[in-house]
C-alpha cells in the first residue's frame, strides 16, 4: 500500500540531503534560503492550483499574513521564534478561512478576486492607524531574535512539510477527489465527494504552507516592511515556476523552481528586466505550446513523474 | 459644504475618466470572454507614447489620440491573429488567456524599462493652457475638463458604433452569443479582431490623459490599473460596455470621498469594492436585464 | 419485481424555478423498493430537471423529497449519494483526465464508504463490462463507453436507487437490448430505478409502470398500454 | 593523569598558535573591497542611482592617486567596488547584502539609498560584524547601543530634520499650520517632531493627516486642507509625493502663505522638470548641497571643485545624492586613514575618533555614540523668482546661516 509513495519520498529525500549538505560547500546561505522558500511556495501553490485548478494570484497574501502573524506573536507576545513560525502559519489559515467564499468564483474571477484580497490585506496591514499592532508601514524589526541557522533549518522543515503534503495528495484518495473536483464538480459530488469541504481543506493547507514560509522568511530577514512581504512578485514568481515545471506532481514545481530561480539568481539580479522579459516570453510560449509544463513532456512519453 | 461640493464634482470627473480606463477591458471581455490582464500595461504604453511625442515633437496630448488609435490597430491585428484563435481552440480558453496576457504584460513592462528606464514621467498640467474653469463656484484645472470630455466622447463613439453601425450590430450579436453569431454567418474572428484593437486603443487613450488624473506614469504601473479597471467593470457589469461608465462614476465619487474624509484608507477601496461585488452581486449593479441585452 | 415493497422515494409538490420559469411545477412521484418506474414526456416537460433536483445537482424551490423515510430536500449531492441515490447523465460527464479505474474508485471510496473497495470497483466494472479497459484514460473512451463508465461509478456508491437519464439515446439496437438486460440484472440486486426515456419501446422492456410528465407536472401514471389509450397523453406526445 | 594534562596543554597551545598565526601574518590585501547596492529600477531608482554615481566617483578619484591610504598597513591600497542592483526591493536587497558579506567577503559595506533599502542591511551588519556605512538611511531605529557596526554618513536621523523648520515657524508666529505626510517612517518621524515642537510652542496644527505613500493625486486633499484655512502647509513625502502635491497645488489654483516640501532641496532638477519653476516660487524646503555650499573642507574636494570634476567625468550636473555618495567615500577613506588596525571594531573606533572634527562638502561630520549623524543639521530655504522664468534659493533660517529674509506671506 505504501509502496506507491516511494518515488515521491525518494525525490523528497534527495532534496533534503542536498539542502543539508550544500551549506558546507557553498557559502551563499541566503541564496539557498530563498531557493527553499520558493520551492516551498511552489509546492504550496501546487496544492491549490495543481489539484483543484484555482489559480491564487493573491497567494502572497498568505505569505504576508504568515510573516506578520509570526512577527506580531514574537514582538508583542514574546513567543519563541520557532513557535512564532507556526503561529504565522495559523494566521495564514485564518485569512484562508475568511476567503473561503471566494472559492465560489470560477477561473479568472477567482484569480482576480484573490489578487484584490491580498492587496486589501496589504493595505490594512500597512495602514498607519494599526501602528500599535502591525507597526503600519514602518516595518517590523526582529533583529533581537535573528538566527540565520535556526531559521534556515526551520525553512527546510517547512519545505519538507510542503513536499510531504503534495506527496500525500499525489498518492491518496483525497488527492484523487481533488483532481475529480478540478475536472468536474458535479461528477465529483455524485461520486460522493464533499466538494465544498475538500476544496476548502486544500485551500487552507495551501495557505498554511505559504504562512509558514512567510513566517520563516520574516525571521530570516529580521527587518521587513509590508511592501516586502506583500510584494506581488512573490505570487508572480511562484506561479511562473509552477507553470513551468508542471502541476499536480511533487517533482514538477521543484524542477520549475530549481531551474528558473537559479536562472533568476544568475541573470535576473544583475539585470532584472532581462529576466522579466524572459519569463514573460516563457509564459506566452508555455501557454501556446506546453500548457502543462515541462513535466508533461515526460508524462506524454508515459514516464511516471513522482 | 464647500469641500462636499468639490468632492462630488471632482468625483464625477474622476469617475468619467475611470469609466474610460475600464471601457477597453470591458469591450474585449464582452466579445471574447477573455480578461486582458495586460490592460493596465496598454494604458501605460499610451501614456509613454504621449510623453514621448510631447517631449520629442511637442505634441499636444489631443493630437496623440489619432496616433495611438493607428498604432494599436496596426499592432492589435497581428497580435490577435497570432494568439487568440489558437487559445480559443484550447481546452480552457478563459484561464489560459488570463495567464497568457499576464505574460504579455510582463513583456511590455520589461521592454518599456529597457527603452525608457524606470523613472516617472509626466506632462505638465498647463499643456492645455494655465487657466482654470469654474463649476458651481469650484475651480478645476482645465486639463480635467479636457480629459472628461475626451472620455465622454469615447463613450459616445462606442454607443454610436454599437447601436448605429452594421458592424456594431454584429458585435452585439457576438457579445450575446458567440456560437449563435457564428452559425448565423457573422465573421466572428474579424469582429473580435476589430474589437480587440478598439479595446487596446481605448486603453491607450486613457493612458494619454492619465497624467492629469492619476499623476505621473511609470513602467510598472500596469498591474494596479488592471485590478482597478476590473473592479470598475465588475461594478458596472461585465460585458456591457456602456455600463462601465456607471462603475467608473461609483468608483470616482467613492474614492474622492474616501480621500476627503478617510484619506489614509483610500487605497483599499477598489479592492474591497471588487470583492464585495463579485461575492454579493456578481451580475454587476445594472443587473441581468442590461446584461442579456 | 416487488411492487408491494415499502415506499423508498416519495416526491411531493416539487417546484423548481429558473428565473420566472417554473421548470417543475408541483411534481408528485413515488417509487417502492426495487421497483423500476419509467419516466416519459415530451422535450422540456421537466424529466431531466426532476432528476437533477432529486440528485441534488439543482436546489429545489418548494415541495418535499423523502428517501428511505428521511428528507433529502435541499441536501447537497454528496449527502444524497451517501444515502443511496445515484444517477447517470444523458451526456456523460466522466472525469476525463482520470483512468476508468480511478473514476469508479472515487465512487467506492467516497460514495459507499463500506466493504472492500477494490472488490466494489471490480464488480461495478464487470457489470458494465469495462473491466478490460480499467487503465484507459476515460477521455479516450467512446460515447457509449463513457455512459457505461458513469453507470459503473454510480454503482460503486452502492445505491438503493438509480436515476437513469436517457441511457438509450444514440445507441444501436443491439446495445439497447444488452443495456436493458443489464439494468434488469441490477434491479435484481435490489436497486430501484427511475428510467427517463424518450424511447417508449425501451421502457416497455423494463417495466409496465410509467409516469408521463408534461409542462413540469405529472400527467399520468399506469402501464404503457393504458398510456396509449389516454387522450391527454396522446395529445402531449403528438403535439397540439 | 599528568601525561594527559600535558597532552591537553600541548594541543591547546597548538590550537592557540595556529589561531594566532594568521593574525600575526595578516598581510596587506591587494585591494580594499567595498560592497554596495543600488537600484536601477523601482521607486528608489531616481535617488539611488545618483548616490551610487557619487560613490563610484570617489572610487575613481582615490584610485587615480594609487588608492586609499590604509594606516594599518602604512601604505596606499587601491579600492574595488562590488555593486549589485536590488531593483528597489527589500527582499532582493537582503539577499544581496548577505551575498556581499558571505560570498564576496567585502571589507566594508555601503548601504543603498534611504531607510527602506538600508533597513535590511542593519541586522546583517550586526550579525556578521561588518561595518555598514549608512549613506542616507535616516531611520532613528537603526542606531542602537547594541550595534556598533553602523554609522550614518550624511544627514541627521529624519526625526531631527524639522528642528530649524519648527523654530522658523515659531519665530514667524504662524498661527494656523497644516501638516500632511506620507505614511512611512521617514516622513512620519518628521511630522511627529514638527507637530510636537509646534504644540509645545502653543501652535496646535489645524490639520494633521497621514496619506498612503502611494498617493498620486492630491487635488482633493488640497481642498480638504484649504477648508481648514491654514497659513502654512507642510507636506512631507517622498519625491513622487512632493511632485504630485506641487502639481496638484498648481493645478487647483489654491494659494497658501507658506508651503513646504522636502525634496526640491535635494533633487531640484527632478522637481523642476516635473512641476516647473513657477510651481516652486516662494515655497520652502531643506537646502542640501549643492544648493548649500561648503567650500572649506578638511578632506576631498570642496563643493565647486566637486561640481566641476564630477561634470567632467560624468557629464552630469551635481545633485545632493551625488554629494552624499561621494561623502560616504570620504568617510570610509578617513576611517582607513586613521584606524590603527585592519578590523571592524577598529574602524568603528576610528570613526568615533574623527567625529566632530571633520568637515566635508556635505557639512560637519559628527555622530553620536550609536552612530547616528548629529552634525549636518538642515536649515530652511525659500525659492524666489530670478529674472524671467529663473529661480534661486535663499537660506532664510537659522539666522547665522541666513542669506536673505523670507518672503512671507507668499505673494
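Note that the chains are named A, B, C and D in the order they appear, and that numbering of residues resets to 1 at the start of each chain.
Operating definition for what follows: contacts are C-beta pairs under 8 Å (C-beta built on N, C-alpha and C of every residue); 3 or more make two chains touch, one makes a residue touch a chain.
Model, not experiment: these values are computed from the prediction.
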How many steps does it take, at the fewest, to get from subunit C to subunit D if each step moves to a chain that touches the one before? 2
Among all chains, which one's averaged Cα position is nearest the averaged Cα position of every protein chain shown? A
Please identify the chain with the largest separation between its CA centroid and the CA centroid of subunit A. C
Could you work out how far the Cα centre of subunit B sits from that of subunit D, in whole Å? 40
Between subunit A and subunit C, what is the separation of their C-alpha centroids in Å? 43
Per the C-alpha centroid definition, the whole-Å distance linking subunit A and subunit B comes out as 32
Taking each chain's centre as its mean C-alpha position, how far apart are subunit B and subunit C in Å? 49
In subunit C, which residues are in touch with two or more of the other chains? none
Hunt down the residues of subunit B that sit against at least two other chains at once, touch-wise. 113, 264, 267
Quick check on subunit A: which residues sit in contact with 2+ other chains? 123, 127-128, 273
Could you list each pair of chains that touch, in label order? A-B, A-C, A-D, B-D
Partner subunit C, residues of subunit A touching it in the complex: 173, 176-177, 179-180, 183-184, 186-196
Under the stated contact criterion, what part of subunit C meets subunit A in this complex? 55-57, 76-79, 81-82, 86-87, 93-98, 102-103, 105-107, 109-113, 150, 153-154, 156-157
Note: in the complex, subunit A contacts subunit D through residues 27-31, 34, 123, 126-128, 136-139, 141, 143, 146, 148, 217, 221-225, 227-228, 231, 233, 269-273
Touching residues on subunit D, where the partner in the complex is subunit A: 40-41, 84-85, 87, 89-92, 94-96, 98-99, 102-103, 116, 119-120, 122-124, 126-127, 141, 183-185, 188, 210, 212-213
Subunit D partner, complex, touching residues on subunit B are 2-3, 6-7, 10, 113, 117-120, 122, 124-126, 132, 139-141, 143-144, 212-216, 219-220, 256, 259-261, 263-264, 266-267
